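Down below are the structures I want you to see.
Shared chain: chain A. Partners: chain B in the first complex, chain C in the second.
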Partner chain A sequence: MSELIRQYLVSAIVIASAWAPTAAGISLIYGVLRYPNFALGEFMTLGGYLTLGLSAGFGMPLPLAALIAVIAAGFVSLAVDQTAFRAVRRAGILPPILLSLGLMLILQNVVRAFWGNGAWQLDLPLTRPYDWLGFVITPYQLMCIAVSVLAIGASYMVLLRTRFGKAVRALADNPDLALVSGIEPEPVYAGVAFMAGLLSALGGVLLGLQSVLTPLMGWDSLLPAFAVAILGGLGNLMGAGVAALIVALAGEYSLLFVQSSYKSAVAFVVLALILIVRPAGILGGRS
Partner chain B sequence: MLDFLIAIVTFTAIYAVVSLGLNLQWGQAGLVNLGQVAFFAAGAYTAAILARAGTPFPLAVLAGMVVAALLGALVALITPRLREDYLAIVTLGFAELVRLILLNEKEIGNGPSGINAIPQPLHELFSANYPLFFAFLTVAALIVVYLFNERLRRAPLGRLLRAIREDESVVASIGKSVLAFKVETFSLGAAMAGIAGAFYAAYLTFIAPEMFTASVSIYVLVAVLIAARGSNIGTVLGAVFVSVLLEGTDFIKDYIPFGTGVQIAAVRIIIMGVILMLVVLARYRKVVEG
Partner chain C sequence: MSMISAAPQTAGRLLGEALVAGYREMEILHGVSIAVAGGEFVTVLGPNGSGKSTLLKTLCGLLTVKRGAIWLLGNDVTRASARDRLLAGMCYVPQVRGVFASMSVMENLEMGAFAKRASEVSDAFERVFTYFPRLAERRRQIAGSMSGGEQQMVAIGRALIASPSVLLLDEPSAGLSPAAVDDLFGRIRNIANDGVSIVLVEQNAAKALEVSDRAYVLADGVNRLEGPALHVLHDPEVRRLYLGGD
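And now, the complex of A and B:
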């Protein structure tokens, strides 16, 4: 039993490493552009499959393929933001939600049209898992955790230290005040859209490293990622990192009581409870 | 070709009933619901299980309607004070929860394999022209639901719902219970999806959780959105458009030499996504300029 509990802890940290960047993307868009973007799950799928296409199709080494894939996904997100979402910036919260649903259908099925419904695996050399005090973890899982922590940390530093980051925080915190202080919002919005696409796609690559790629991988991660983003507080990247662990632990340890296919249901219950009981998020953040 | 037309008419009528339900909730009362498929599924499963146990079709439809309505009331009761965006997230997630329950709780509907051999009403009587009879039956249901909605739209309740959509504090200030109207409307809209689900199950004679994904909620959303928000006749036309695009393009695959079934299905959904985005842009861009 204690071995099981240990293994759940490892699994939770590993899956959290994939959810955290995606949730950070959701959190950024929700915090700055102020709408829940349901298409960001599909950017995970896109990131995973682009990595597959570049590495398996064009023979690129996996790290390079992943890098190009996440940057490409960032540009896709930027392009859609500029052509579609920008047109409804001041039309309220519903139009961008509806746009994101349309985008969700498009991205998921573009992937399906190219790669079909079946599962694909990134081509990884076989490795021997480490066994450390009974915690069994593979080198790829360790790598996922490291990349995720680095990505969240780097994004956090960007928000903390750069001029762009300062503008992002100002717009998230108080848009009216930010605008009268002379912040030009459109370039900031564009940057946020790029970052969100990139981070979500990175989450997809990490998920692909841990398991398999399917056209539904993004959809299946969407509710957990939203739970994480909202629990962490919108616009709060470190919060997203911590919340990813909490939601993942809740999901893993729920396995003691329910079947594994309920994992994303557990995330939804967490999410619904937060929204209904404490809409401002638990780890701080604005309402 | 005639069989094909009959099938399209049946699908259209079923989609139209689900869409009218959403139009009542969202178009009339302004309650965002991205999980209409959950109530559709509830109606389908309830009616299918009862029909297999020998319940007559009208009673099975009624039960499907009631279960969907109760589920709708439950969602409305736990989310009365949620902002539009949170309601969007919760309804989307709720529908996924329902799908996961259908997938995992094998004693409800055999999990992923679903329920088959669902009895059809009066099948012996119309054996030769059964699809035609069922199309008539479904269209009749659509007409009843449509007339009910039109009646409601013109009634004081309809005006009140539109007032809630525009500004609920005004409605509250004249002493009306906004919560009661929200629960009532959400539940009525869910009931309509339940009726449609019961017909869907009987029509296909087979249902499985994979038929009740979030995509269905989005298609219904497109049907309502294409219509001027709140218009019932527009919603029916929107449903015609959606079902012709989804089911009516099925025959195209016989004429296209390239592409697998999966690819053609994917392209169809991509087109749906593009249309959704274009409709949203066409509708709301004006709001900004005007």
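And now, the complex of A and C:
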């Protein structure tokens, strides 16, 4: 039993490392552009499969393939934002939601068209897991956690310190005042879309390192990632990191009491319970 | 109706000529004109819905001009973006939500200078701190956690950082105590004395007129009255309509 408790903790942290960047992307888009982007789950899938294509197809080393893949996904997100989403910028919340749902279906089926419905595995050399005091963790899992923490931390610092980051926060805080302060919104929106696409794709690469790639991997992660983004406080990147851990822990430890098929439902029970107490998320929205 | 139908385009730092503007479905200004000279303190009065706030939003570029023209320092800015008007020397302080509530005082001021090069605004911070010494003490405080009066200082400071020649203020006294209003209006008067033209929209008519040079009265989206502040203050109709007495 105590071994299970240890192992669930490891699993929870590892899966949280994949959800957190995607949730940060969702959170960022919602915080600035004010719509839930349901296509970001598919950017996970895109990130995973582009990494597969570049490493297996072109023989690139995996880290390089992953880097190019997430940057490419960022540019796909930027391109879609500056065309389709930009066209409906002033049309309220519904058009961008519908656009994101359409984009979700397109991306999912583009991946199917190229790679089929089967599962793929990234080509990882075999490694021996570490065993620390009964906590068993593979080097790849450790790497996922480190990369995830670095990505969230770096994004947070970009928002906190850079000129771009300050413009992002100003637009999220008070769009009209940002406008009369001389901030041009479109380049900022483009940058936010790029960051969100990149972060989500990174979440997909990390998920791919942990298990297998399937065309539904993004779809399966979409609801937990949204739960995490909402729980963390929409617009709050650090909150997304903390919330990812909470949702993942709740899901894993629920296995002690219920069947694994209820795991994802547990995440939502936790979400509902916490939101009753703290409606703006655990760390509050928009920071 | 308009009393300044033929203002020459070269006089005055800011000129709004027969402005027609409003929101998508609703026209609010039906031809309002305003002229402001260098360093002049002008107050715009009028009942709710008369178009005072709409006039400021139209001047600063948040709303588009349907007909009429806006001249700033002799340049036609009628079609210019809010950013270009800021760069041309006109800054706006909105009535509500005039600060970035989640950002620090210093960050709020930095945002005011966003469109300018750092070298252009290096003195501006010190100038804002001389008008509002309180802000220098509170540089790191998050604006949303400050009192209403302090937030108003941040809001005006943010606009002053870009060193405007015209400052548009929409009801800065809203929600402030009478003492805080006196204090704030005194500081705005100082800003005008230093050569910045002020256009102040106010409900607090009597106090605003006491510190202003000139005033406009709007009603139903057109000019109703215009003149030296003290004349307007003692105008029987204005007293009856806006100052609640005779």
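Just so we're on the same page, the second predicted complex is superposed on the first by the 273 of 287 C-alpha atoms of A that agree within 3 Å, B and C clash if a C-alpha of one lies under 4 Å from a C-alpha of the other, contacts with A are read in each partner's own complex, and residues count from 1 in each chain.
We take it that contacts are C-beta pairs under 8 Å (C-beta built on N, C-alpha and C of every residue); 3 or more make two chains touch, one makes a residue touch a chain.
Model, not experiment: these values are computed from the prediction.
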Contacts of A:L124 with chain B and chain C, given as first, second, both or neither: neither
First, second, both or neither for A:L101, with chain B first and chain C second: first
Partner chain(s) touched by A:Q259 [first = chain B, second = chain C, both, neither]: first
First (chain B), second (chain C), both or neither touched by A:M157: neither
Most chain A residues touched (candidates chain B, chain C): B
Which of chain B and chain C A:A87 touches, first, second, both or neither: first
Which superposed partner A:L273 touches (first chain B, second chain C, both, neither): neither
First, second, both or neither for A:R112, with chain B first and chain C second: first
Chain C residues touching chain A - in the complex, by the definition given at the top: 60-62, 82-83, 86-87, 91-92, 94, 97-103, 107, 110-112, 114-116, 158, 162
Chain A residues touching chain B - in the complex, by the definition given at the top: 35-36, 38, 84, 87-95, 97-99, 101-106, 108-110, 112-113, 116-117, 219, 223, 226, 230, 259, 261-262, 264-265, 268-269, 271-272, 275-276, 279
Sites on chain A touched by chain C in the complex: 163, 166-167, 169-170, 172-174, 176-184, 286-287
Residue ranges of chain B touching chain A (in the complex, touch as defined): 32, 34, 78-79, 82-86, 88-90, 92-94, 96-97, 100-101, 103-104, 214-215, 218, 221, 225, 260, 262-263, 265-267, 269-270, 272-277, 280-281, 283-285, 287-288
